[in-house]
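First chain A sits with chain B, and in the next complex the same chain sits with chain C.
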Partner chain A sequence: MGFLHLFIVNKSGGLILHRPLGPAAPRIGTNEWLRIGSTFHSLHAIAAEASPVKLPGNKNQSGADDGIEQIEGGGIILKCLQTRTGIKFVITAEPGTPDLDTVLREIYVLYSDCALKDPFYELEMPIRCELFTNSVDNLIERVESGGVKAR
Partner chain B sequence: MSSKSQAVQAGQTLWAKMPKANAELFALTYGSLVTELVRDYEDPIEVNAQLDRIGHSIGVRCVDEFLSKADVAGMGSATRCSNLRDTAEVLAKVGFKMFLGTGAEAGGFSQDQRSFSIYLQDNPLSTFVELPQHGDDHQSGGDDLRKLKYSNLYCGVIRGALEQVNLKVECSIVRDTLKGDEVNEIRVELKEVLADGAGDDYKDE
Partner chain C sequence: MTVHALHIFDRKGKTLFTKRYTSTKQQLLQDTEQLAEQRKLIFGMLFSLRELVGSLTPEGGSTVMQSVKTGAGTLHCYETISGLRIALYTNNNPIMNTIGARGGGDSSKTSFQAALKHMYSEIWVECVVRSPLYRPEDIQVDPLEGRDNNAGRFDIKSTNFEARLDAYLASMPWFR
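And now, the complex of A and B:
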């Protein structure tokens, strides 16, 4: 049961963060990551169009754009949190990893507390905040050792 | 659809979870910011524009914090808005409460439901403030400061925050307790609902 990767995609489909979260995470080059990020962004949008169930305005029940929320494969689970401001937080993990939803929401809170409050961070740009990456690492450590209680 | 009492409760819960700052430090810091701007730009209209810009950068960041913390606290449903009326209530009851600790009221909805007002009874930014009186001799631009919108920051914050959720609005301060009115009123007008998202490119091919 391990977390693999976290990636964050901005409103226009550009990748603003990718971070391996554990030892089992495959190491891929940055360009590959950029490609993966934009591909996911487009697939997310196309899925809403291709879906047999179309929601009004393509907005799901939490008000954010509808699209891929979860992909389950043989050795991987991918979960995506689409925020109302257009950012996607995507996490991949080995099957059986608990608390993926909670972790994604906590990462959103960390993003708003660490990355956004950094006065030198420009919106939609790659995140280069140590505080944010350290907090994410600490969060993953806490989850792997003890589990995160929903607040 | 969020009901008013649900919004009030959400506002209080979220305010309780936020780290608090000293209200005097907050008011005095803002006051020094405004006086510096007045000294630098000298023209109160320009200062208003700068305050709006500063508020805008605050607003675009605030909204993610608002949405993420509400979601984690289980109050996600309180932030769901199906029309502009809901947006106004959530803005006043949850947003203002969460960040400033004071409740605000939403009202003054226009006939076409495209504009509303936010009423603030106590303004934490103007705690110690007195605008210089008209006709002060030693201040060359003394009576011009009547044109200064001291709390214009709020207009920028609202504009920036709503822009991130695809609502393009224009805000202005129409009544100000610093100028003698009984309540602070911010008028918010919806200009357009922006449609974004990659989905638009793939429709109807």
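And now, the complex of A and C:
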């Protein structure tokens, strides 16, 4: 089963990274990506607002704002990890792909190691770190060939 | 595991039917206007999410959206070709019926879709659409929307839709 896309949205809703992760990923133009990123940002918050039950303080277990965690469709599964700082890591994959949560957490770790510790990287700006994108590609390759242990 | 609420919307976003199964103090304080706003939010969210999922799905995959999970609960949706949408709110981790079934992923997903489909085809179509009083443009939702002249409106309460729906949901293993 394949991974499709990874995209990262900053806390104002702007897209800072989008990357296809596999051959099955549909080609999406840059403008469309920007639209998808901001639409997802708003819907993430609306989902928590529209729910008949809400978590206390609207914060989930990890201290981040509650919102969409997973969307399942007929041909796609989308998972989102929102951090306390408001950054959303979103990954899409074909249904049946294992280890999506672990991969998402690993990508968060890679982001903090490669992008945040880069002295030239400006926060909330598009990520242009080769180290980060190479590490993400390596991670996906590792997962597809052998699985990854939960950290 | 509980079912929190069920909403049915038509193609244009009007609420055709809505029912709460659990209610907390905060919800009792919400008045009907706020609830109507919340329903509009739900419809808008379903509409936009479907487009989003459609553009992200690879070629050859079906673009139907099945469920949306947040930290507080899960929203299962089913949409018919005529644009009628059924939205069912449950909490996370529903109890599925087969003892010892470890396949949480696929089987629970298809079982909710099957249940929603049954609710549409066997309960909604049978009780509401086939009712001799049915007027699709003029369905009255409870509570009343403030229109004094109620002549000619079709009230869902005049059918036994709600009773059959409650009976069906109560028979599901994941309903409370």
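As a working rule, the second predicted complex is superposed on the first by the 151 of 151 C-alpha atoms of A that agree within 3 Å, B and C clash if a C-alpha of one lies under 4 Å from a C-alpha of the other, contacts with A are read in each partner's own complex, and residues count from 1 in each chain.
Convention: a residue touches a chain if its C-beta (ideal position, glycine included) is under 8 Å from a C-beta of that chain, and two chains touch if they have at least 3 such contacts.
Note that the structure is predicted; figures quoted are calculated from it, not measured.
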Query = Are chain B and chain C a fit on chain A, or do they clash, once the structures share the same frame?
reply = fit
Request  = Have a look and say if chain B or chain C is in touch with more residues of chain A.
outcome  = C
Key: Which superposed partner A:Asp113 touches (first chain B, second chain C, both, neither)   = first
Request  = Examine A:Lys88 and indicate which partner it touches, taking first as chain B and second as chain C; both and neither are also allowed.
outcome  = neither
Task = Please work out whether A:Ile46 is in contact with chain B alone, chain C alone, both, or neither, and reply first, second, both or neither.
result = both
Message = For A:Arg19 in the superposed arrangement: first (chain B), second (chain C), both or neither?
response = neither
Query = Between the C-alpha centres of chain B and chain C, what angle is found at the C-alpha centre of chain A, to the nearest 10 degrees?
reply = 120
Message = Nearest approach of chain B to chain C by C-alpha atoms in the superposition, in Å, rounded to an integer.
response = 8
Ask   = Once the complexes are superposed, what residues of chain A are shared between the chain B interface and the chain C interface?
value = 46, 48-49, 61
Ask   = Can you list the residues on chain A that touch chain C in the complex?
value = 4-5, 24-26, 28, 32, 36, 39-40, 43, 46-55, 60-61, 66-76, 78, 92, 94-96
Request  = Within their complex, state which residues of chain A touch chain B.
outcome  = 11, 13, 41-42, 44-46, 48-49, 58, 61-63, 65, 83-87, 105-106, 108-109, 111-113, 116-117, 123, 150-151
Ask   = Tell me, which parts of chain B touch chain A in their complex?
value = 60-61, 63-65, 67-69, 71-74, 76, 79-81, 164-165, 196-199, 201-203
Request  = Would you mind writing out the residues of chain C in touch with chain A in their complex?
outcome  = 4-5, 20, 22, 24, 26-27, 38, 41-42, 44-45, 48-49, 51-53, 55-73, 75, 89, 91, 105-106, 109
